[in-house]
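Please read through the structure below; I'll follow up with questions.
When the chains are written out, they are named A, B, C and D in that same order, and each has its own residue count from 1.
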């Protein structure tokens, strides 16, 4: 499993608010994309995880907004896995425009089944390439 | 079944774009709320329809934008059922701010089951109060 | 200035994700609505604040998600002002469905002018009714 | 000015609804991205157009939904300029997943100034490369 990944994206018009800034809620969607792409880069598919009846849910987001981003900006969304316990995944994020820090965040994830019951973090989320090889 | 309904709502900040206008995609969400509330006013619950394995899907939206709406505006979203055939529901919408026409639209809906197969419009969508009485 | 307010809203279909849950980013929009309505209840208009060239920006959101909310749920979004300094507004939020805690958050706000320069929290945000009386 | 362009994008989790499908309003955002990228491919920058005080607004969207798209699908959003008059731009769109038609639409655009007054379609929107060369 890769421990970090940076995903580049371009800010869309509908993601910006009347101030002309990316709406602060949108960064949570950007971070979700980055962790999905980290998982894809490691050989996994989050769509396949859900098809298997497991769902990654967000327990906590702590996001600090440093400078505004604007329409058409290219942003780099970096995610790093800080820690994986039996029941939690802790990640750190940075959102950058070039060298400029736009926002940073810590996110805690967990896994539930389709009826919402907490699950241990399954092997497929720890090492998707290893699981798919066996 | 009621044939028309008007739902009032207030424009949210995150629904507006850098022009300061409600983003044009947002009106489709407003219209979805109005038809849900029309159905509720008629004694139905769209959440219960989905729980029963039926899903209302949009086949067509034809929306004409007349004047912009802005953050904090109170808008009236009016829906009227124009026609129900065996397989289609045709509705007309008007979005007003006071007496001012903001947008108008025609929307065609159909019903599918959980695997996406087209279904006849069920009685529960034609007369929810009648169905729940029996 | 009122120190707290609870705003009730109903979860919209487009706010929910394939899990059937309210997407975790959406709660930030709900909290923005609640603080706007707290300000309106206190006699202020956030649209008027922006028209005067002042913009309330989010510095930090720390949100803990407790239980999922679903389509058509009625949620109560409670906001309380914890502290106002010269340059910061600190607020605490609870999102409830009846007695059930869905999420809770702390949010830090600041004020900037149209070119993004930090401003002291103006009187109009501290006591809108007092300002409009004079 | 290029007359057509295809933009590939991947469906994001937050763009999908409880049916597991891309929400029907989202296609309007996808089409907005495609026309922005058509304009960029032609040497223009829509951000620069707005910075110059001109705003492209949507007059009409007529969208027919053929088949659902799902989370993580790769979609090709194709835009073609059908007609440009003094005051209108008419475009046709197709949204495809591989060879499968997901949706198609006709969109009519116009241009306004910052106070909302209709403007003639400016040269910068007709031939951005030509304008920037002079």
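Remarks
Here, a contact is a pair of C-beta atoms (placed from the backbone, for glycine too) under 8 Å apart; a residue touches a chain by one contact, two chains touch by 3 or more.
Note that the coordinates shown come from a computational prediction; the quantities given were computed from them, not determined experimentally.
Using the contact threshold fixed earlier, the set of chains in contact with both subunit A and subunit B is C, D. When the contact pairs of A-B are matched by residue number against B-D, C-D or A-C, more than half turn up again in C-D.
Both copies, subunit B and subunit D, contribute mostly matching positions to the interface they share, with over half of the numbers common to the two.
Of all chains, A has its CA centroid at the greatest distance from the CA centroid of subunit B. The geometric centre of subunit C is 33 Å away from that of subunit D, both derived from CA atoms.
Per-chain Cα centroids separate subunit B from subunit D by 24 Å. The geometric centre of subunit B is 27 Å away from that of subunit C, both derived from CA atoms. Residue positions of subunit B touching 2 or more other chains, listed in rising order: 13-14, 18-19, 23, 25, 29, 32, 50, 71.
Contacts between chains leave no pair untouched here, as each chain touches all the others. Within the complex formed with subunit C, the residues of subunit A that make contact are 18-19, 21, 23-26, 28-29, 32, 50, 55, 57-65, 68, 116. Here subunit C touches subunit D in the complex through residues 13-14, 16-20, 23, 25, 71, going by the rule given at the top.
Contact residues on subunit B toward subunit C in their complex (touch as defined above): 12-14, 29, 32-33, 36, 45-47, 50, 70-72.
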